[in-house]
Amino acid sequence: MKWPAMQKRTLALLAVLLPLAVLFLYVALTSGPLAPVPVIAGTVENRSIAPALFGIGTIEARFRYRIGPTFAGRVQRLEVDVGDQVQGGQVIGEMDPVDLDDRLRAMDAAQKRAEAQLREAEVRNDHARKEAHRYQLAFRERSVSEEIAAAKQQENLVTEEGLKAAREELSRIVAERQAVKALRTDLKLVAPVGGLVVSREGEPGTTVVAGQVVVEMIDPASVWVDVRFDQITAQGLKAGLPARILLRSQENRVLTGRILRVEPLADAVTEETLAKVIFDELPEPLPPIGELTEVTVSLPTLPEGPVIPNAALQRSDGQLGVWQVAGGKLRFTQVVLGSADLDGRVQVRQGLQAGDRIVVYSEKALSARSRIKVVEHLSGVEP
Amino acid sequence: MDGKGIGITGLKKRYGRGDTAVDALKGVDMEVAPGEVVGLIGPSGSGKSTLLKCLGAVIEPTSGRMRLGAEVIYDDGWKVKDIRALRRDRIGFVFQAPYLIPFLDVTDNVALPSMLAGVANAEARQRAVELLQALDVGHRARAMPSQLSGGEQQRVAIARGLVNQPPVILADEPTAPLDSERALAVIRILNEMARKFETAIIVVTHDEKIIPTFKRIYHIRDGVTYEEEGEGRGFE
Amino acid sequence: MISLAARDILHAWGKFVFTGIGLGLLIGVTLTMAGVYRGMVDDARVLLDNSGADLWVVQKDTLGPYAESSSIYDDVWRGVRGMPGVARAANVTYLTMQVRLGDHDVRSMVSGIATGEPGTPGWPPQLVAGRQITRGHYEAVADIATGFKLGDRLQIRRNHYTVVGLTRRMVSSNGDPMVFIPLKDAQEAQFLKDNDAILQQRRRTAENPVYNPPGIPGMLDGVIAAQSTNPFVNAVLVQVAPGSRPDEVAEGIRRWKRLTVYTRGQMEDILVGKLIATSAKQIGMFLVILAVVSAAIVAFIIYTLTLGKIREIAVLKLIGTRNTTIAGMILQQAVALGLIGFVVGKIAATFGAPYFPKHVLLLPRDSFAGLLAVVVICVLSSIVAIRAAIKVDPAEAVGG
């Protein structure tokens, strides 16, 4: 239009409407399905990785001594408490003897009686032997009848057997007395080895059944970690591998150790492989038994090979692979994976070469039709 | 007359029916020649407005005869098909207030009836600018109506009435809002235009200032017109 | 002929544009409302998409795991894995809870994912930062909407988790952002009560002579151990082998494993048709109301604009303007107003959408429908104004 008065107005209107139209176009093109998906691309690196396994374990003692009476009874006294150090052979408590002493005294009396009976049998036997000898001589001189001599001889034999019986009776009583006496000694609860008392289950006066634990003790030197590894990620686990142990109570302190053995029996229910890890050096103070630990086992470093971040892995149509960027186009490349480390790096056995460009991060799931825009930072993610 | 200008005979207009019917016009005769400016004077309720509306083809008379130029446009019924085109092309209006279209600039306001008649924009505008120059408002051609003074607006309104060079212009109290000097100026312009474009101009007014300028005056009272010689002063 | 509508708009462009912007904001609200609905549907869909599953195996006769609670034994997957046509099967748990970070918490859906490699059903399909979970415990991948950052230490129940990866648009059907943690931890989190409750439960068990009879040492320990494990998961996600039809595989599992199985289509019906149905209707009502209000406002504006021009319209008619020209002028103005409003609304909705706490999805299809609706509403609402304009008597311009 050639009218300046109009033009001014028109310009003003355009000044409002044009930015609106531009904004509208911008909005239409940059949002919605027309908009390209911002992605961050990465390069397949050629490097070696040190795979590691991660497991959760609890502090356990390898040797646990559960001490209790061998028969039902009442606890009389306990001299140790939880946390006490005890020596091997130390008496740590005693069961109430109840009637044992009386039974011992009865056995003493029974023994004396048996001894007396033995002596009586000896005397009888001695007399019978002498009689038999005398009648034998008298028979030889024909001063007594044969019948009488034979009777005396028989008497002698009978008393001899009576003597044997009295002897055996005595040894029975003695043995019995010794058994009761041994029982009396077994009332003492004795520490089998030196160690640490970790629990005290009964108090004096408690009645316990045979085999029930009264005091539990461990050998502190035998503390180890019972670690569980998920079976899927337990590949390469074997004895002797170094391990880093992190106690839940001391997150900043890394303890070192190694795998003592991998248990031949796995946990079928939880689908975990079990292993024992021992400390290189026992932590001081000793961690409580049962404390949760995180154990990282380092596997041998692998030779160099193409390595990608695990964030790049996608599954498309049931195939595992990565989105490869070639000339601004997306292509899904199937990969065969090797080992992975705990920092999210995965070795690629097949499918990719070092130097290939792949999509690592994307704002949306990608498909072969997706338009992409390679950016440095994704919105909302702090660099 | 000679078949130009406007002529009406026996024009009647009745509003309503039956007992409540009102006869606004009871047989009006009027004859205005091209180039002539006549006054139409009457008190309120005299039928002045009704006559103007009938002349302007805004309302339909009840009976009578109207001639515009050589064509009979009404003879107990409209004789032309397109009343709007009739209004647009052959009758010019000038109102008491200018009633310019506020969103069009002066030129387009004047050119609009031409454009409505199908004249190309450029041509219509050129004609408008010429008219505005003739009316001494050529310098305001690009202004918006709101930027004009009352007199300028009225002149623009006159230009709009003239742009299709209609045989007749109906001016309804064109000088009412103006002071006497400007009112007389408007009347002078109307006279000039009437002469220049051979247009019959009917000025409805009761403005004492301008009544003496008419050579011929129609008085209207109770729906009947009376013709009278005017003083015809001032423009010779 | 010049465009009267354009001239009028040009003359009063300020009023016109600002009215348009005002209308635009209203349209923006309407579009956003539609976006909220689409967002809800999309939330449900992305939940299904992101799970990467073709089939959902859940507790018999439940609508689990999203719409109803479902719990099945965590070794069911082995049997499912053995069914013909199953390529992958993985346990999964879902638990909506407050995840704590420092002294504030974020409502999120904690999902326990089975150990494996990326691409296992249940795993977040793509990340925006960090890496996928590599350790079997105490690592988490969080949706960026949680506000967590890489390296943050989250607290879920009594355990701490390190955020190792961030993802995007991983939400529950309620729109809560998701936090992925290893399955075993999640099972524990789902079951684990606070320490006090555990202690009390142990005490109750110990006091119950059935569980702690005198003379049978060790029984109590066994009972307590049995009480404090959680062998349940919420669902098994199944990926179907290429070439197998999900429906057939699902039928096999239903028949032989006596579990309820949902396919993708059925799951979508449950989520969209049942879970968000009421909310959707609610929003639908709002949409209708907003559309009516918008229509009323457009009609009112156009009518007011027209009434303001009655005298001009009379003059225009008097000087011979056709009714159609005048109607066209009003119509054009109404549509122009609507278009300005639409453009402003679309822009406002697009820029406003990210600030909504829940996902607002603006589909071009909706925008297009919105545009059509705006035009139709403008045309309809200008009818009133056009009627008023047509009724104007040109005689009004001629005084008294």
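By letter and in written order, the chains are A, B and C; residue numbering begins at 1 in each of them.
Just so it is clear, contacts are C-beta pairs under 8 Å (C-beta built on N, C-alpha and C of every residue); 3 or more make two chains touch, one makes a residue touch a chain.
Owing to the predicted nature of the structure, the values given are computational and were not obtained by experimental measurement.
Student: Averaging the CA atoms per chain, pick out the one whose centre lands closest to the mean of every protein CA shown.
Tutor: Chain C is the most central one.
Student: Which chain has its C-alpha centroid farthest away from the centroid of chain C?
Tutor: Ranked by distance of C-alpha centres from chain C, the top chain is B.
Student: Just curious, how far off is chain C from chain B if you go by their C-alpha centres, in Å?
Tutor: Distance between chain centres, rounded to whole Å: 69 Å.
Student: Please compute the C-alpha centroid of chain A, do the same for chain C, then give the distance between them in whole Å.
Tutor: Averaging C-alpha atoms per chain gives centres 46 Å apart.
Student: Taking each chain's centre as the mean of its CA atoms, how far is chain A from chain B in angstrom?
Tutor: Inter-chain centre distance comes to 114 Å.
Student: At which residue positions does chain B touch at least two other chains?
Tutor: Counting only residues that touch two or more other chains, chain B contributes 144.
Student: Among the residues of chain A, pick out those that touch two or more other chains and give their numbers.
Tutor: 6
Student: Name the residues of chain C that each touch 2 or more other chains.
Tutor: Residues 10-11 of chain C each touch two or more of the other chains.
Student: Chain C touches which residues of chain A in the complex?
Tutor: Going through chain A, the ones touching chain C are 6, 9-10, 12-13, 16-17, 20-21, 23-24, 27-28, 31-34, 40, 54-56, 209, 211-213, 229-230, 232-233, 269-270, 294, 309-311, 313-315, 317-318, 320, 337, 340-344, 346, 360-366, 378, 380-382.
Student: Tell me, which parts of chain C touch chain A in their complex?
Tutor: Its residues touching chain A are 9-11, 13, 17, 49-50, 52, 75, 87, 115-119, 125-132, 134-138, 144, 149, 164-166, 168-169, 184, 215, 217, 231, 239, 241-242, 340, 343-344, 346-347, 350-351, 362-364, 367.
Student: Could you list, by residue number, the parts of chain B that touch chain C in their complex?
Tutor: Going through chain B, the ones touching chain C are 44, 49, 52-53, 56, 58-59, 84-85, 87-89, 93, 95-96, 99, 101-104, 108, 112-113, 115-118, 121, 144, 160, 170, 172-173.
Student: Quick one: which bits of chain C touch chain B in the complex? Just the residue numbers, please.
Tutor: It comes out as residues 1-2, 4, 7-8, 10-12, 311-312, 315-322, 325, 393-395, 397-400.
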